[in-house]
Structure formats: C-alpha cells, structure tokens
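Next, two complexes with subunit A in common: one pairs it with subunit B, the other with subunit C.
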Partner chain A sequence: MKITFPRMGTSYIAIADLFRGLGNEVISPPPITKRTLDLGTRYSPEFACLPFKILMGTYLEGIARGADTIVSSGGVGPCRAGFYMEMHRRILWDLGYEVQTITLEPPKGHLSDLVQQLRRLIHVPLSQVWDAVRFAWKKLELLDIIEERAYYLRPRELVRGSTTRAFRKCLSIVRGAKDPEELAEAKSQVEEILASVPINPEAVPLKVGLVGEIYVVLEPFANGEVAETLGELGVEVHRSIYLTKWTRENAFLDFFRIPADRDAKRLARPYLDEMIGGHGIINVGETVIYSRNGFDGVIHLAPFTCIPEIVAKGILTKVSADLEFPVMTLYLDEHTGKEGVRTRLEAFVDLIGKKREKEQGVAW
Partner chain B sequence: MNVFLGIDLGSVSTNLVLLDEEAELIDSIYLRTGGRPIQAIQEGLRVLGGRHRGRLQVLGAGTTGSGRRLAALVVGADVVKNEITAHAVASLKEVPGVRTILEIGGQDSKIIILQDGVVVDFAMNTVCAAGTGSFLDHQAARMNIPIEEFGERALQSKSPTRIAGRCSVFAESDMIHKQQMGHKVEDIIAGLCEALVRNYLNNVAKGKDIRPPVVFQGGVAANAGIRVAFEKALGVPVIVPRRFDVMGAIGAALLAQETVADGRPSQFKGFDVAVRDYVTNSFVCQDCPNHCEVVQVIEEGEVVGRWGDRCGKWSASVTAPTPKVHYYVEGAS
Partner chain C sequence: MMRIGIPSTLAYYEYFPFWDVFFRELGFEVVSSPITTKAILDWGVKHTVSDACVPIKLVHGHVRYLAEEGVDLLFLPRMVRVAPKETFCPKFLGLPDLIQASINNLPPLLSPRIFLRYGRMSLFRICGQTANSLGVGPLKGLRACAKALDAWHAFLRSLREGMTVAEALGIRERTREALRGPRLALLGYPYLINDPFISANLLALLEERGVQVFTAEMVPSGDLKRLSRRMRKNLFWHYSNRAVWAAMYYLDKEMVDGVIHVTAFGCGPDAMTGKLVELEAKGKVPFTTLSLDEHTGQEGIITRIDAFVDMLVRKKAIA
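Now for the complex of A and B:
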C-alpha cells in the first residue's frame, strides 16, 4: 500500500510523517503547480469547485509516482466535499486507475476520534501509534506557529521578501526532522531563523482577517498567495483557520489568541442561525469577531460555485454594512489570475488604509 | 514647466497625461496598446516629448492599469497604483462629491462606491467581459458601424429591441436573430446598450448601494447610448467627466504628485526612454517542480526587471529602484 493524500498548505509535511509512523509507505503529494491544476481541470466536471479540481490533479500526480491508495477527508454538513472522495474514485477508476480510497472526517473533536478513523491505516503496535500521532501533531503545531509568525513578520520586514525566504528555510528544516529530538532541535533553529529577520518593531500595520472555505484558505496556490501578497503590501494577516488551533491554549502570539468556534457561531446567530455547510456560519461569526477586535477588514475566500460560501457572501454584505467593516469576497477558480487577485487586494488595502487614516487621523 | 506624468497601461488602450502643478491637464494621448505595451508607452512618450520639446521638467511619474508594473519599470515611476484607486482619485478631483463611479474599459469594468471622499466599496467584473469596450468594438465592426457613431445611432431609437445580454456570445446570436427578424439597426444597438447596462448592474454592481452623484468613465463612456441606458436604469443623471477616457492616467499623475510632495527626486528616466531598446522574453525555471514562467525585461542589453517566480530568486536578482507600491508603516505615531 502506497499512500498519497491532498496537499493543503504546509500540513502535508506532518501528515506524511503520521502515515509513515503508522507503518505505511507514503508518496508525499507534490507541490501544486499549474500542471496539477490543468490535469485536475481536464478530468473534473466543469462546475465542481476549485478544491475538487486541484485534488483531482494531486491524486493523478501521486498515482504517476506510484501511489495506489488515497486518503482524504470528508466534508462537514451540506457541502459537496462530503461526496468528493467517491467522485474522485469513480473518475480515477474510469481512467483505469483502480486505487483504494480511505475517507477520514477532519479531526474536529478529540484526538481519539481521529485515531479511530485511522484504523485502516495502522500497521504498527498500538504503543507506536500514540508516538506517531503525537509526533505528527507536534510537527503540525510547529508548522502552524511558523506560518502565524510569518504573518506577523512580513508587514514589518525591512528587506522585502526576507520573511518568505526565512519561512521556506524553516519549512525545510521541519520537514527534515525525523524524531522528537530532531523536532525539538528544529524548533529552536526555526525560532532563531525567524528572530533574525530584520523588522521594524514599531510598525503598526493594517490588520486583515482571512476567512472562507478551508481548502482555499490554507493552500496558497488555491488563493493566489493572498496572505503573502497582503503581507508584502504591509498588512498583518490573521487566519481564522488553523488545523491545530484548539489545542493551543497559549498561542505563540498571545494577543492573537484565537476565538473558539462556538463564539463565532453565537455571534453569527443574529445573521444566520442555520447550518449551511462548510465554513459558512463560522465565516460570518469570525467576521463579527474581527471587527470587534480592531481589525481593519476581512478577506473572504470562496471557491467559485461553492454554495455555503455563496450564502455566506450574501450575509457578509449585510454584516459589513451593519458594522461599517470592509469585507471583500474573492471567488477563486481555475480562471482566476494572480494579477487580478493582486489588483483587488491592492485596492482593498488602499480602502482600509484610508478608512483608518480618517478614523484615527494617523498617517501611515 | 513642471509637470507630473501619469500612465495608464491597459489591455486595450494606453493613455498618458501631463498635469501641471495645479493639477490642470496640459496634454494627453490615447493610444491602442495593440498587444505591444512597451512600444505603446514609447510612442506616447515620443509624441508628448516632441510636442513640448525641452520645455518640460517631470517632477513625478505614476503608473496604473493592468500593465502598471511593466510601465513603471520602463519609465521609472515614483508610484504604481491599482486602477480602482487611480480612477477614484481622478474622479474625486473632477466631481468632488462623487458617490458612485461606473467605469467600463477595454476588458474590465468596475464600480466604486465612495462616502465623504473615501472609497468604501468596490467590485470588478470577474467571470464575464460582456459589455466592455472590446465586445462593443467587435459588435460595431460586425454591424459595419464606426464605433464612434455607435452611441449616437442608439439614441435615434424610439423602441429598443430586447437583447439577451447575460453572455456576450449569446448576445451576439440574439442580435443576429433580431436583425434577421427585421428589427431596425438603431433599435438593436439601443437594445444592446440596455442589455449591457442590465448585465453590468446585475453582475458587477450587484448588492452595491448606488447613490448620486454618479460618474461614468472609461473608454466606453464615449458611448452616449450606454450613458442614457444607465440613466434610464438608475433613474438619476449620469455625469461623464470631460476627460472620461484618460481618468486612470490622471489619477496616476495625481498620485505621483502626492508621492513626491515630500521633496524626493523623481525616478523618471526621461523622454528618451522612447528611443531605448527594450526586449522582453520569458523562460521556464526548472529548479523546482513549480516550473514558474519567469518574464524578464531587457533595456539596452541589460536586464532591468524580472517577475513571475514564486520563490523570488529571479526577481530578487535584479535591483531596480522600487517605486512606492504599498504603504510602509514608518512607526507608531
């Protein structure tokens, strides 16, 4: 059994370790490129969403490298993603690739749930399972911290691009860590690298929250590198979704402690009291939270044709008007050009910058 | 004379303007980009430079439009701005209390909502270019009517034909069908204008709070048929500014003036950019599986700019002076 799985942001680094630690041979999903997307688009229904198409391409590239089993997650609520693994499997079988598929629900509750779902993947004694899970989890946490840290550094960096270079270096160090000792060593190296990025500590950047469908929020290729672009435009980005967020009682950046999902649901209630699938409700609630926490605006990332996000977008228009809080939705699909995203982001940054200038009389 | 140069390098047209220190328009030029952006800029500079030979001192230069980064690199700009902000800045100058800007250009259309002189909301067309200049050009050519007369012909119509305007391809089929049914050309053109306005309001302007004063600018604002169709649909007067066709460039020049207001010297390379030799080429970087397509601009045999690489290796290898593209926060104040 050779396993491949979706690539979503930096998480693949830890997930590969997890499956390896459970005794599987792993074909790590290759970086998503234009070729991945072309391949995926060719074999996907036209009105499937962007995540479906990218995953299709990722699976085909994984199969070309020898994978015979695909592990993927299910969806949450009335969202088509719950149906995707089966759709992908049928398309792959039609193409003559008779791969096995294992569908896991995203780890939303306790770790034990995840372990239970992973049973088909476990080929080592139980004592080793715990070690493997813990190691992968620690790695995932470190990866999230690095990303969060990069969001903080980028708008403050003195040399444009230095954060992104440091970030990539950190990823390759973490990727190389094979056991808990090496991971601890990697952690201190990473902290050193990030601390050495020259910044202006007195800068007061604009702050923007990213909300939206999980895949396009977490995978930079899917969103035209929105976080990096905003960072280099001088904006501190904060993301509402981190895979490990609920375990981190003490966030690396304490003032950025992440509000719990139930707060988001409560705050969304005046606008939306219905499960609409995907991250619909959460996005509405998170937007309210961002506006209360002194952010300058929110970027809402939505795959084109995604029903939960279309509903959320309609409601966000109202939230934005009520709270006088700028929200911009970016619809993403295979026709989305990075330049188009950039133009809109630049205009959005001008908008929120002028707003802050007017409200606070601060030149920035 | 001291002037500020604004360049709007768009997909269809390239516009250059010169403003004096009182922000009055000294001269402007509107060219077709024709798929050769650098040549269009050079041609513009050659003409402007020739008209005012030796009498101009450029204190600042700004660029906007989809080719703004390329334009900035070629001329040496002090500021590079997105089209939304550039259009808003120019419009505010022309119609100080403007609340809504409808802008339709060659291939894109936008709506900008302002409040107390500040942009509060905007949208650009995403999946559809129906109703933009290129489509109107194409239809005018197909019907054998000079594009300049298109709007006037629309105004002659007494009862516009209903045209399906959701998609440009279907709009065209529907127009052909209506022609074959014997509808008058004027009525079809007027119907097309109304269909495009409907399409714009339903797609680009959906969910936006449109309030007067409404300003209509961009190349398509030359078309009186579209303007009247907007007035009919919105029920308010629609103002077309005098220099509706070069508003983006005017905005870029105004922003250049603002940028150099602190007394910094301009990075403008001078009008002789027009005679320099520029070559652009691209290559696919094979160093990682991303296979980025890297574009490079070569000025007189020397690489002056590179972009397209995700890792920044190539773009960082060229140290061109960077114009102000984003706000860098200098510190808490």
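Now for the complex of A and C:
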C-alpha cells in the first residue's frame, strides 16, 4: 500500500511524516504546478470548485508516481467538499485507476467508522502511534509559526524577497527533521534564520485580514500567492485559519461538544443566522472582529462556484457598508493568474492606504 | 384582510399547494408573484450578488415584485431539512439573510426555519408556531396544517400519475394525445424545468417533438429511499439526491432511452450531481447536460434538444 494525500500549504510536510510514522509507504504529493491543475481540470466536472480540480490533478500525479491508496477527509455537508473523496474515487475508477480510498469522516456520531478507517492506516504498535501523532503535530505547529512570522516580517523587510528566501530555507530545514531531537534543533535554527532577516522595526504597515474557504486560504498556488504579494506591497497579513487551530476546534473540541469560534459565530448572527457550511458564517464573524481590532481591510478568498462563499459574499457586502470597512472578494478558478491578482491587490492597498491617510492625517 | 406574498420560484415548485391552503385556512389572502417574466429576471440579475446562480437571481426579482405589489408579509421559509441526512443547498439556508442584505424596503419577512427533525411532528409544530406568530393561535395552525397536508398529498398523487410539476400546478396544460417519441428522463431542479421562462419553454419544446418526459417527482418516494442505500455515500442536498436516485430508478427499470440533466450555470451541487448521473448512465443510455442562465436563448436550446432527440430516434431505428 502506497499512500498519497491532498497538498494544502505547508501541511504536507508534517502529514507525510505522520503516515510514515504509522508504518505506511508514502508518496508525498508533488508541488502543485500548472500541469497539475490542467490535468485536474481535464477530468473534473466543469463547475467543480478549484480545490476539487487541484486535488484531482494531485491524485493523478500521485498515481503516476506509484500511489495506490488515497487518504482524504470527509464531511457531512452542506459544503461539497465532504463528497469530494467519493466523487474523485468514482472518476478515477471510471478512468481505469482502481485506487483504494480512505476517508476520514468527522467523528460526529460515527466514531466506529473513523476508527475502522484509521486502523487501515496503522501498521505499528499503539505506543508508536502516539509518538508519531505527537511528532507530526509539533511539526505542524512549527510550520504554522513560521508562516505567521513571515507575515509579520515581509512588510518590514529592508531587502525585498529576503523573508521569502528565509521562509523557504526554514521549510527545508523542518522537512529534514526526522525525530523529536532533530525537530528541536530545527526549531532553534529556524528562529535564528527568521531573526536575522533585516527589518525596519519602526514601520507601521497596513494590516489586512485574510478570510475565506480553507483550501484556497492555505494553499498559495490556489490563491495566486496573495499573502506573499500583499507582504511585498508592504502589508501585514493576518490569517484567521491555521491548520493546527482549525483541527483543534473542529475535530477535537467538537467531539467533546465544546463550542469553538464562539465569538465569530455570535458576531455573525445579526447578518447570517444559519450554518451554511464551509466557512461561510465564520468569515462574516471574523470580518467583524478584524474591523474592531484596528485592521485596515479584509480580503475574502472564494473558489468560483463555491456555494457557502457566494452567500457569505452577499452578506459581507452589507457588513462592509455597515461598518465602513473595506472588504474585497477574490474569486479564484483555473484561469486565475498571479498578475491579475496582483493588480487587484495593488488597487485595494492604494484604497485602504488613502483611507488611513484621511482618517489619521499621516502618510503610511 | 392581511395579504401574504409567496414568490413563485424555488420551493414554490414543491410546496406551494401546501402553503397556499395553509395560509388561506388561517384567513389570509395569498398573493403569489406571476410565473417568471423578463422584468422579474432583469431586476434580479441587476441586484443579486455577482456569481450567484440564476435561480437565486430569480428569487430576488420575485421578492421585489411582491414588495412593489404591497403585500403585508413576505413568506420566505428557511428551507433546511425535510428528510434525514440531507439539507437544502446552502443558498436556500442563507436565503432570508441574503435577501435582506441585498434588497431595501422589504415588507416584514415571515421565515420559519423548516427543519423536520421528527418528520410530520415537527411540521405540525412549525405550523402551530407560525400561526401563533401571526396572531391566530396555535390550534388553528394545526388544523390548517392538516388541511394543507391533504392538498399537498393530492398534488403528490398527480405527480405519481405522470404529471409534471408544471402541469400539476396549472402552469401548463396537460397533453391529451399519446406521445410516441423517445422516452427521456429530465432530471434537475423543479424550479428550472417547470419555469417556462427560464427553461426557454423546455417542456413544450420536448412535447412538440413527441418526447415522453419522466421527472424525478414522478418516482414513488419509497423507491427513491430504497435506491439511496445503493450509494456508498449519498450527496448532502435535497434536490440533488432525488435527481441521482431517480436516474438509477429509470435506468434500472429501462424506462428511458436517454437522460438530460438540466442545471443552472455555475451550480455548485450540480457539478457533483451531473457527474454522478453521467457515470450512472454511461454504457446504458445517452446523456447530455442543458445548462441554463440569464443569457439562455430558445434557439440554443432547440438546437441542442433537436440534436439529442434525433440521435435517440436514429439509435432506436438502427436497433
């Protein structure tokens, strides 16, 4: 059994370690390229969303490298993503690739299903399982920290591109860490590298929140590298979704019925009083939070034809007008190009810069 | 007398007979918007969030019509769940909020949350609460609900006897003569297929070509439920599930010579539904998709169905 899985941002580094630690042979998902997307688009339904098409391509490339089993998450709707593993399987089988699939459904009610699926992935004694999970989790946390730090450094850097270079270096160091000791060593190395990026400590950059559908927020290829572009335009980016935080809230706390994201949901209620699936309701609430915390604007990322995000966009328009808070939605699909995204971001940054100038009377 | 407005789109095509009787029994006047017109569509297109599908644009237009008509109350139920393990499309779930965010000067909305956790029991409860909120008392609501259910079951019976929704609602006349052309499963949202304007008169066009039409609503619900167990995992959405199960039903029984999936441009759930139906039909009967939006012209539809129907006729002649 050779397994592959979806690639989303930097998480693949830790997830590959996890599956390896559980005793599987892993075909790590290759970097997403134009070719991946073209391949995925060719075999996907026309109006499937961008994440569906990218995953389709990733799976096909994984299969070409020898993978015979695909692991992915499930879901209970109403967002389409919960059905993707099943849809991908049917399309792949129709193409003649009889791959096995392991779908990790959220542990709502059917814990036995989840346990059964997990057992197919575990080929080591239980004691080692704990170690593998812990190691992967630590790695995931470190990856999230690196990304968060990069968002802080980029608008303040003195040499354009130095943060991004440091960021890539950090990733390759973390990827190389094979055990907890090496990871601890990697952590201190990473801190050193990031601390050595020369910055202007007195800069007060514009601040922009990123909200939207989780896949396109986390995967730079899917969003035209919006975070990097904003950073290099001198904007500090804040993201509401990090994979470690998201997993803790949606898989762990939810299982014990501990409500997460309470604030975001409460603040969204005057505008949207129903779980519409995906990240629809959270995005509305997070936007309100950003506007209260002194941010200059919000970029809302949505895959074209994403159902929950279209509803969210309709409502964000009103939120934006009510709070006098700039919000821009970027719809993303297979025709989205990095330069097109850059043009729109430049216009947005100009606008929020002028707004701040007017309000505070100082040039940023 | 208080006038309650019901937009003639979306859930109208499944539940209007119910709500019509319900509100009339409670002593209200029911005003429904006319079947879609060019003006309704144009207004909706102009005022709806970009990237919404055409049915959502239509409902904005219909709501606007009723607001200008001066109704006292606008009935826009939040359709969440009517059967276990599925919901309506997220756009239905957020519809009252979306409408309120995009249209100004609306009459007050009456938007009960339709979540039938305990089936019939929940329905009675919602009806009682709705009647109470309208100031007529919950007991009257229960009685009106019972009457409304009778009317709705009569509507369902005419569907099972082979009427399309448009015929059962009186939007179209039922054909008298027997049709001899190919038998087609016409699957998709009832609010697209049965709306003569947005579908470019699809049902009439098919009838002119002698096509016998079979829709998802004609399949007995027990059979649909049985077929749902054959899926490894079912879809999450009400109309999508019915389209997929109905496809399996008609294909199993070899009742149709071809399948047409009618969808709205950019429809999210249908990207999954269409592919599933296509895979079900593969190797059995020909399949095609008709995608509708605000730019759909009748000529384009005619070209496509002519090509498909001709192909079915020839295929039959060869066999």
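One rule holds in what follows: the second predicted complex is superposed on the first by the 333 of 364 C-alpha atoms of A that agree within 3 Å, B and C clash if a C-alpha of one lies under 4 Å from a C-alpha of the other, contacts with A are read in each partner's own complex, and residues count from 1 in each chain.
Definition applied: contacts are C-beta pairs under 8 Å (C-beta built on N, C-alpha and C of every residue); 3 or more make two chains touch, one makes a residue touch a chain.
It should be emphasised that the depicted structure is a prediction, and the values quoted were computed from it without experimental measurement.
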Touched partner set for A:48, first subunit B, second subunit C, both or neither: second
Which superposed partner A:22 touches (first subunit B, second subunit C, both, neither): neither
First (subunit B), second (subunit C), both or neither touched by A:331: both
Partner chain in contact with A:307 - subunit B first, subunit C second, else both or neither: second
Partner chain(s) touched by A:71 [first = subunit B, second = subunit C, both, neither]: neither
Which of subunit B and subunit C A:91 touches, first, second, both or neither: second
Touching partner for A:351 - first (subunit B), second (subunit C), both, neither: first
Contacts of A:317 with subunit B and subunit C, given as first, second, both or neither: both
Overlap of subunit C and subunit B interfaces on subunit A (superposed complexes): 304, 314, 317, 331
Subunit A - residues contacting subunit B, complex: 30-31, 33-35, 155, 160-161, 164-165, 168, 200, 202-206, 225, 232-234, 304, 314, 317, 321, 326, 331, 335, 339-340, 343-344, 346-347, 349-351, 353-355, 358, 362-364
Interfacial residue positions of subunit B with respect to subunit A in the complex: 66, 81-85, 116, 118-122, 124, 126-127, 207, 209, 288-291, 310-312, 315-316, 322, 325-333
Interfacial residue positions of subunit A with respect to subunit C in the complex: 45-49, 52, 74, 76-80, 82-83, 86-87, 90-91, 94, 103, 271-278, 280, 304-308, 310-311, 313-315, 317-318, 331
Residue numbers on subunit C that touch subunit A, as the complex places them: 48-49, 51-52, 78, 80, 85-91, 93-94, 97-98, 101-102, 113, 232-233, 235-237, 265-272, 274-276, 279, 282
